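Shared chain: subunit A. Partners: subunit B in the first complex, subunit C in the second.
Moving on to the complex of A and B:
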C-alpha cells in the first residue's frame, strides 16, 4: 500500500523504549497535520505507538507490515481541530450522508484529509484532495455539482467548504463531525 | 544507575511471600490483559512513554521504604525508567531482567515428594500458571506436560544426572506450546500422546491407552483415560500416590470442555471423569494439575497440589449435584478463550512451525483453561 508521508523515521532494529523516544523527538519537528511513517521491527511497537499517540493527542492512522518491517503511520494532530468549529453555513450530518450514499442521486464526497489518513479508511467513491492542495486542485471538481466535504472532525472540511465557496462553488455542504464517527462502509488502499 | 533482578530471584521473593512493589511500564492494554501477581505483590501501571521526561506522573505512588521493581515487555524500557527513578534519589530500584517475556518463560522447580527409588518435581511456570512434572527413579526419568522452553528442563536434568526415557502429554494443549516432542527427540526418549487427541498430529508418537503402565526405574506410571477437557485427556497415576490430572481437575476449579469447539459434546465426558472415574480412586492421591489460575492455589512452599479427598470437599466444580447446572457451569458464560488457542493447537499438532519469537507472542497472556 502506497502512503504519502511528510517524514520517514527508521527505527528498525531498535528495542523499546527507543522507537518511541525517536518518534517523540521527530514529532516535535513536524508541522501540525503532517504525517510520519515510523519503521520498526520490534513487534511490541504497534501497541505502544498506538497507546502513545492516544495519550499524547496525536492521531494513529494504522500499521502496515511489509517484509518483516512494521510501518506505523501517525499524524500530528492539533487541539483546535477537535473543536469542529464550523463557519460554513451549510452543514449535513453523518446520518444524512449515509442515506445519500445509499440513494441514487449523483453527488461528490470530497475527503480533505491527508492521503495517509485517506489510505487507512475512506467512504467508497470519495475523492481525496488534502486541504493543503485544494487551492491548486479545485478545478478537478465540478463547480455546479453537489459536493459533500468531509475530514476527520469537521474542522478541515469547514475550511475547505469556505474555500470552495470563495471559488464560486454554490452547492457545498460540510459533513460534521466526520470520519472519526463514521460507522458506514469504508475502503482502504491495499 | 539502577540495579537488575532476575526473574528467578523475583519468583523466590514472591513464593516466599515477601512484600513486592512492581511498577509495570508496558502500555495499559497489555497490563490489563496480564500482569505479575502474588499474595503480597502490589503492582501499578504507568506506560514508559509517559515517563520519558521524568517520573512525575508516578512520583507520589512510589514507596520510599521498600524496593521498587520495574518491568516492561522485554527489559529495555524498564531499565530506562529504573534509571530515571534512581536519579530522583530512590536507592532500591531494580529493572526486572528480560521483562514479561522472561517472566512468562521462567520455570521454577519445586520438589513435591518421594517416589520409589527417587522423587517427583513440579515445574511452576509462575508467569503463565502452567505446571509440568519430572519423575525420577534410579537414574531414569519421565516428564509430563513439558513446556516449550526445553533448555531450562535440560539444565535441571544435567544437574540431576537422570536419563529421560518417557515424555508424556496429558492432552493436546490449547493454551501453551508443548515442548514434549522436541525434548523427546533431543533425548532419544519416546513421546506419548493420547491417540484421540492426536488424529490430526503430523509427526510420529507413541499411543497412550487406558490402563497402560510404564516403568521408570522402580516407579510405575499408570495411564487413566479421563476425557472431558479434550476427548483424549489422560491422567497419570504415579506409584498409586500422585494423580497428574492435566487440565481436567485443578485445585480451585475444573477443566473447560470448549477449547476445541466441543463444549456440548464433551460435557458428559467431563462429568463422568470427575464424578465417577476419579471418585473411584483413593482420597489420599495427591492431585497435581497442569495449571493453576491464581496464586491462592499455591501452597507455602510454592507447589500447587492437594489431596483428592480434600478437593472433593472444597472444589466447587466437584460439588454440583445437578447435571443440568453442571452443564451450564462448564458450557455457558465461560471466560474468554486463551489468546491464539487455535494457532497453539495447530502448532502442537505439528501442522505449523512458527518461529520462536512468534511462539512467544502466541503464548503471551493469561491462562484460561478452567471454569470455576
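Moving on to the complex of A and C:
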C-alpha cells in the first residue's frame, strides 16, 4: 500500500521505549496536520503507538506490515479541529449523506483529508483532494455538480467548502461531523 | 498535563530498566516526570555506578538478550530522560548515610528529602515504586 507522508522515521531494530521516544521527538518538528510514517520492528509498537497517540491527542491512522516491518501512520492533530466549524452556511449530516450514497442521484463526495488518512478508510467513490491542494486542483471538480465535502471532524471540510464557494461553486455542502463518526461502508487502499 | 511520580529504591540493572523505560515513555507522552532515588536506587544516577549496574545473580544470561533485543544501555536512557526534562531527585538522607556528595552523581540532578518528593507526588496522576 502506497501512503503519502511528510516524514519517514526509521525506528527499526529499536526496543521499547525507543520507538515512542523517537516518534515524540520527530512529531514536535512536524507542522499540525502533517503525517508521519514510523517504521518499527518492535512487536509491541503497534499497541504503544496507538496508546501514545491517544494520550497525546494525535491521530493514529493505521499500521501496515510489510516484510517484517511495521509501518505506523500518525497525523499531528490540533485541538482546534476537534470542533466542527460551521462557517459555511450549507451543512448536511452523516445520515443524510448515507441515504444519498444509497440513492441514484449523481453527486460528488470530496474528501479533503490527507492521502494517508484517506488510504486507511474512505467512503467508496469519494474523491481525495487534501485541503492544502484544493487551491491548485479545484478545477478537477465539476463546478455545477453537487459536492459534499467531508474530512475527519468537519473543520477542514468547512474551510474547503468556503474556498469552493469563493471559486464560484454554488452547490457545496459541508458534511458534519465527518469520517470520525461515519459508520457506513468504507474502502481502503490496501 | 499528566504527572508521573516514580520512586527508585533498588539499584540493579533490571531495576534501572524498569525505572527509565517507564520514565522516558511517560516523558515522550508529554507527562511531567519526577524520579526520587533512594537507598540502592542512588546507583542508577551515580556517575560511574549507573554504567556498571549488576545483573541479579543467576540471571547473567539475560545480558545476551538485552543485546539481541537492541535495548539501549542505561547511560543512554538516562541521558534521554534528562534531555526530555525528567526531574531526578537524589535522597539527601541516603546520601548522608552512604557518605555521598552531589558531585558523585550525574550532572543536573536535584537533591532533596522526603518532603520534596511528596510535594511533587501530591498531585501526580500516576505514582510508581520500583
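The working rule: the second predicted complex is superposed on the first by the 190 of 190 C-alpha atoms of A that agree within 3 Å, B and C clash if a C-alpha of one lies under 4 Å from a C-alpha of the other, contacts with A are read in each partner's own complex, and residues count from 1 in each chain.
The rule we apply is simple: a contact is a pair of C-beta atoms (placed from the backbone, for glycine too) under 8 Å apart; a residue touches a chain by one contact, two chains touch by 3 or more.
Predicted model only: the values in this text are computed from it and were never measured.
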Clash-or-fit label for the pair subunit B, subunit C on subunit A: clash
Subunit B versus subunit C as contact partner of A:13, first or second or both or neither: second
Touched partner set for A:43, first subunit B, second subunit C, both or neither: first
Subunit B versus subunit C as contact partner of A:21, first or second or both or neither: both
Touching both subunit B and subunit C, residues of subunit A: 15-18, 20-21, 24, 48, 52, 55
Residues of subunit A touching subunit C in the complex: 13-18, 20-21, 23-25, 48, 52, 55-56
Of all residues in subunit C, those that touch subunit A in their complex: 2, 21, 24-25, 27-30, 69-72, 80, 84
Subunit A-facing residues of subunit B, complex: 27-30, 47-50, 52, 72-74, 76-77, 80, 357, 361
Subunit B-facing residues of subunit A, complex: 15-18, 20-21, 24, 43-44, 47-48, 50-52, 55
